[in-house]
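Which chain is which? They are A, B, C, D, E and F, in the order written, and residues in each are numbered from 1.
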Amino acid sequence: MPRFDLSPAELREYRPEVAEPADFDAFWARTLAESRAVGQAPELTRVESPLALVDVYDLAFSGFAGDVVRAWAVVPAGTTEPLPTVVEFNGYNGGRGLPHERLAWAASGYAWVFMDTRGQGSGWGTGGSTPDPHGTGPSVAGFMTRGILDPEQYYYRRVFTDAALLVDAVRELEFVDAARVAVTGTSQGGGIAFAAAGLSEGLVAVMPDVPFLCHFERAVGLTDRDPYHEVERYLAVHRGDAEQVFRTLSYFDGVNHARRATAPALVSVALMDPVCPPSTVYAAANHYGGEASVVEYAFNEHEGGQGVHWERQAAWLADLV
Amino acid sequence: MPRFDLSPAELREYRPEVAEPADFDAFWARTLAESRAVGQAPELTRVESPLALVDVYDLAFSGFAGDVVRAWAVVPAGTTEPLPTVVEFNGYNGGRGLPHERLAWAASGYAWVFMDTRGQGSGWGTGGSTPDPHGTGPSVAGFMTRGILDPEQYYYRRVFTDAALLVDAVRELEFVDAARVAVTGTSQGGGIAFAAAGLSEGLVAVMPDVPFLCHFERAVGLTDRDPYHEVERYLAVHRGDAEQVFRTLSYFDGVNHARRATAPALVSVALMDPVCPPSTVYAAANHYGGEASVVEYAFNEHEGGQGVHWERQAAWLADLV
Amino acid sequence: MPRFDLSPAELREYRPEVAEPADFDAFWARTLAESRAVGQAPELTRVESPLALVDVYDLAFSGFAGDVVRAWAVVPAGTTEPLPTVVEFNGYNGGRGLPHERLAWAASGYAWVFMDTRGQGSGWGTGGSTPDPHGTGPSVAGFMTRGILDPEQYYYRRVFTDAALLVDAVRELEFVDAARVAVTGTSQGGGIAFAAAGLSEGLVAVMPDVPFLCHFERAVGLTDRDPYHEVERYLAVHRGDAEQVFRTLSYFDGVNHARRATAPALVSVALMDPVCPPSTVYAAANHYGGEASVVEYAFNEHEGGQGVHWERQAAWLADLV
Amino acid sequence: MPRFDLSPAELREYRPEVAEPADFDAFWARTLAESRAVGQAPELTRVESPLALVDVYDLAFSGFAGDVVRAWAVVPAGTTEPLPTVVEFNGYNGGRGLPHERLAWAASGYAWVFMDTRGQGSGWGTGGSTPDPHGTGPSVAGFMTRGILDPEQYYYRRVFTDAALLVDAVRELEFVDAARVAVTGTSQGGGIAFAAAGLSEGLVAVMPDVPFLCHFERAVGLTDRDPYHEVERYLAVHRGDAEQVFRTLSYFDGVNHARRATAPALVSVALMDPVCPPSTVYAAANHYGGEASVVEYAFNEHEGGQGVHWERQAAWLADLV
Amino acid sequence: MPRFDLSPAELREYRPEVAEPADFDAFWARTLAESRAVGQAPELTRVESPLALVDVYDLAFSGFAGDVVRAWAVVPAGTTEPLPTVVEFNGYNGGRGLPHERLAWAASGYAWVFMDTRGQGSGWGTGGSTPDPHGTGPSVAGFMTRGILDPEQYYYRRVFTDAALLVDAVRELEFVDAARVAVTGTSQGGGIAFAAAGLSEGLVAVMPDVPFLCHFERAVGLTDRDPYHEVERYLAVHRGDAEQVFRTLSYFDGVNHARRATAPALVSVALMDPVCPPSTVYAAANHYGGEASVVEYAFNEHEGGQGVHWERQAAWLADLV
Amino acid sequence: MPRFDLSPAELREYRPEVAEPADFDAFWARTLAESRAVGQAPELTRVESPLALVDVYDLAFSGFAGDVVRAWAVVPAGTTEPLPTVVEFNGYNGGRGLPHERLAWAASGYAWVFMDTRGQGSGWGTGGSTPDPHGTGPSVAGFMTRGILDPEQYYYRRVFTDAALLVDAVRELEFVDAARVAVTGTSQGGGIAFAAAGLSEGLVAVMPDVPFLCHFERAVGLTDRDPYHEVERYLAVHRGDAEQVFRTLSYFDGVNHARRATAPALVSVALMDPVCPPSTVYAAANHYGGEASVVEYAFNEHEGGQGVHWERQAAWLADLV
């Protein structure tokens, strides 16, 4: 994929107007309050594993509407003290997989928690195990358009609520230092991290990596790659619904969540990314409510900085915790 | 797509063993009984349209679990007498669209009813309007793997029940001659037609056109084209679930439904069809419980006979009604 | 296909200079006169069909050079009075197919006539039956470059003449009200409709839907999709022929035909159309000689508005007839 | 393209039954006689060129129906004596191009004549200049289905006649030794060479290189690559025409022409050729009426042996002339 | 990719004849002896990292011809006792990347050593840093055909020697228990593991995962996917070199190396693997010189079992060490 | 490929700043001097061939570091006098092939010499036979990134040196008029021709045809087609190396070599060329140090003018020699 978006100089200054509904804060305050009202205490179950250096737990917590959502929690073996903690969200259609697959944060002395994205986890990797027990109106194959005509019914209302409630739940765990919780994630996980950052108080750091779910009005039509393209296909069939669809999406736009976040942020962007175009990432980073640093990967597509970027994150986070 | 399946001679004799669960009939009897128990009378609403030669109705009926499902009903203008009726089901991810898009049956003097497939209708065409208000476990993008670990939860349990209950509902309409109801459909619609044929009594004819949803154990892995391929991708992630998945699918296999059907059938098959391979179609046709004629389209892929086949169907059905 | 053409605001003002040969009108006047001179009266033959609500006719009329061209004529059953009439032209490489495949206009009370495009009809659908008994110089596979070095020999000279003479012929039919004839068509059919509109007198309406054959100098090289791309491939081989080729095409450019048309027009354009780029459609619409309304489909590719647009056309046309 | 056809051992023995019409010889005798009856003497025009070592001529001869067909004739500069001669036919949709592009035969001391394939020459390379002044019924884009419903009207009737009449014409040239004329060609050119070999008397050698146009009933449906695939697409639309189409093709099948040829033949075949599958080539080679050697290129697709094979041909032919 | 290779039942019995050069053992004995003769002691350099739970080392050892080759060595933090050790080789065109990217073995209490494949490491991931300071004859892009005309010059002679010498080097490290060294790798890494197993003494286990580099004569031509396809392309140009090429490859065929291996083996195979077709994997497993278990992934392509298979390996290996 | 680069008007004025290292001339002077110091006299061996009109020689000359590089030399049969000479370089991954494949220059009375590109010659055609006996650091498959971190080690340092030394060698041949040597080549061959033109004295003409290897900083990222894309993939893995990579490439940039060339040049450019974008070609042509004419092929992709352009070259060169 060659260069197709704004030039590097333009990107760094790109701060577009992005629509925000008047009741954005009220919508989310109500949403979180309703789900918190029906939630229960998280359950932590020790899991046997060959991983001698770490302790592995299956974490079951109450997400949207009290639905049980699962996560892995992995900590250095024998941890008894509260640790700085990294909460991670996953990319599109991946599940939490198996705990041995992502060990770098725990091996670096953090408590690491990895959320299963409800309903997803069958597209690649080793699977997920959290259902999404809510139906949907007509939708394109995929998750992007489930319930897209109504913010109340939209799929990501449930996912973002899960994410915010996972931050709550994690803070109740005895091996977590509630004052030192960071959120991170790649692609969809980065978009969820922006949302968690906007919806949670007192995070120590936010690390969205080539984040998805930002500046939908630009993204839809700028790229023909899924998942943004799912919205385009929906609108190609439901020809009169564009206004309503983009109104729904405005409640979930990473730009609007980023505006409300205040913890220090380290954002990555890949300048040839055809999946999450760089201008959509910069739109969120440049509107970020706190201090945000952006790391550019000039010749990468959506894979971004991969392990190189993790080293950047690890060094940056170490200075904050 | 060149020839890739059995030879024509082999196809015509192909009658494979297909697994059938011991409680197949009990499962479906219970399923239909439960949904019928919560159903309500169908509602017919006249729709304004420029189509002067026909009357158009929006039909809302109670499908699975009493969910409201929509359909179009189109009849010759001013119909007052019960007519022979064609109930049609749609292809994968299409919706019922707009009533002027399929006028041939009504223009030929039939009452024509076209079911909206729940949750679908956003993939192509002009849309659908029936939600699927039931959640799902982790699934591949698409509809094929929603709830696939449990026959009770499987997506097509709801769709096939909708289809059978639509036959019930249609028979209550005053412009329908309940003794002369035929079912038809192309691709997914053909698979649903087989199911409706196996689950309904007293149909006058069954016309599956290049039907999907037949002989899953052969189809999955024989073609790399969606929708069968969705199951393969699910199993590629959920590596231990093949037995459970195929057990679920056995309740929905067109072969097993075809075995129970008795009305005369006209089945079409395209010999170069990479989506619904011809051997999977012949598997159902050759196991059909009544008299089944097969029309072969030797050089067609999944488009099959198109309008040419409709003329075959129209002539064949005219002799039966 | 993401957005690739002018912005919506630019499109609406786009009114490019398009070359027009000095003898454009003389060329066409002579062409039509010569073919009219050798024409014979149209022949209408009733066709048996299961379509009880309509009467179906095979219409054979004299097209270019007196060649026999076929069309379907379908009218409400038992029509005896002159009706408002819709003459429709088909998309690239489609044939007139079977009469039951397009019933909406006749079912809405119009006489509907559907022209077979000479030589075409073997690319998709259910076929055509009109030969093109004229040879060609070297040409790319397809129809776009047949005779392209000479306006006299160019393929579309024959097709556009067929279209204009079909309007003549239709007006001789007893079930047609000659004062209320509209022309329409999708893609290539839309381009032919522009030509018929420019070459015929007294049409009541013109409805080109995502029209092809407009503003060749921009289209060739803007898209790599056939059929415009056929011209590019021809010029890639015949490296010195660009001037001559574009001179030929200027006689057939929808922009030049649109300039001469005066009947009210309803034009559709799909803003992500990679086959008939939106700027080429707007070029014709913005040069249209009469009143032209444009309906935009913002998220569609070449499929455009499909059945949704037919409803727009039907409502718009009803007000005119 | 991996191996997909018969095994090498099976190929070498493959001698399928191929349908041949009873009037095959009568058809061709009449065809050639009619065209010969209206033909005129070939015209040879010296062409200026920078090619000092050879003399270049534009050859215009009378082909099918007396149509003027062009060819290049290139001979060693100053040739005054009759030379052994190679007549070459071109691949699909190529033209005769420019004389400097193929110099190997003339540089080896042969008179070399390269026929322009009528109507072709716009698909690749540097072009052709021979029109095909005969119309056609509905056809797929390309040349394979022009007039395919009737052997009299079929495109290759004209091309094969051109080829046989070119052999006639060449023998009239003073720099040609009429007793030492060989025919050759690659792909379509190889198929034409088989036809020329079957239709001409007294050739010294025949060298079809990865020949096309052989064993149509197997080829159509075995490969999804054009040009054979053009026939499949035609039959996919014209669903009832298979018998008639294959009857037409039987007059043009390289197998049937090969049966009638008697000059020594050197045939090449590429075992991974997805365009001209090896079994279709062996079908013709194994039915060849004279002595035929086959050179296999085991790991090549349709490019075959390229320049390596020309060296094989040159050595083989040198022994015969 | 649908099923394309032998059936599961055939695969399990597949034990083809595979050519083996008479001097296979002599070739390798000499090769290893020569390189050992010029080798130097491995150098281990502690690397700073945020990974608190493990110690990370850069290991530089003498590979083929004494060339310096790099590896990562990662052990539980503070390890002082010899540990069971896993030596891992990488997939095609990947480098050793960064040490935090693969932590599962070290986190499970093993010393883990990961070899950089010489010259590779620029195709994906986070890079490699080992040059291949040896030239090559003409080769296809990629590594498969470098020096392929001569076993002495062939690229994998250097790589396999590196692998065997890494096993030597690892046994000299103080944190390694020389009697409990296992080798593993995925794809190319699995092929190298077979070679290391055949060339090394006293390994405790061998775990090739969807191994590449097995049964070349079948693989080349069975799949059109790289890297096997590189050989096919080479042979398509070098048309006379097949015998010599396959002779070279016979020294490197995983089947021949597997025959000589004796340590217990756990082999994985993906039944729909288009890159390393299952029959080529079974060919090596069924010829394996010791006890070999095969784990099948029935619906996977080349990704195979991924993290699920690592759990299988970890459990299996724990029983052996 | 549609238009994607600058407009024709912009292209003709495009004269970008291109980085040039301060020691460019010193680097090349030293490089050539070192290789000349170890070179030996060229060896010319007569080759048997059926090509009676020309004499064919295998030319072995000393290239970079004294490595033996091969070329074909072809001259009119019996040449005894010094002739004007064309030295040609080949496209990416092609070899010198067989002498009969390119006869136009020799047939026009020139001595023609065609260099084998070291290490290449296995990608297409009939092969090469010159090894590249120098190793490389980690590289992407292909030749573009071999040694790319260091100008001393970069692959094209060897190739460009070969080219300059071939000009030296050719001038020693008795059938060559040293004062009338021209260089030419297509694609990669055109880039090498620019380099040879900048590094050699006293050439009579330079004819780069759709040249590659020009203006790397623009090319990498503007096109996603190999070979430029190889550099992009390298940088996507080696995320910190861009500065060093582009510094290396600046020694090899056709723009910098063109600046130093003084012989008259005829450059071709294809305006839709996605492999060697037209702006990169114009960058070199507009910086050319002597008189440069540019021939545009407006509708061509990377095939450019093909045989049509050869005629342009032949006429242009004839005026100079």
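Some points to look at:
The working rule: a residue touches a chain if its C-beta (ideal position, glycine included) is under 8 Å from a C-beta of that chain, and two chains touch if they have at least 3 such contacts.
These numbers come from a predicted model, not from an experiment.
Identification of common neighbours of chain A and chain D yields B, C, E, F. Residues touching across the chain D and chain E pair largely diverge in numbering: under half of the numbers involved belong to both copies.
With centres defined as mean CA coordinates, chain F is found 39 Å away from chain E.
The centroid of the Cα atoms in chain A and the matching centroid in chain E are 37 Å apart. Distance between chain centres (mean CA atoms), chain B to chain D: 50 Å.
Along chain B, residues 125-126, 239, 308 each make contact with two or more other chains.
Pairwise, the chains that make contact are A-B, A-C, A-E, A-F, B-C, B-D, B-E, C-D, C-F, D-E, D-F, E-F.
Interface residues of chain C, counted against chain F in their complex, comprise 220-224, 232, 235-236, 239-240, 242. On the side of chain A, the complex with chain F involves touching residues 1-3, 272, 297-301, 303, 305, 308.
Interface residues of chain C facing chain D in the complex, by the touch rule stated above, are 93, 95, 119-143, 145, 233-234, 237-239. Those residues of chain E whose C-beta lies close enough to touch chain A in the complex are 50-54, 76, 97-98, 100-101, 103-104, 106-109, 125-126, 306-308, 310-311, 314-315, 318.
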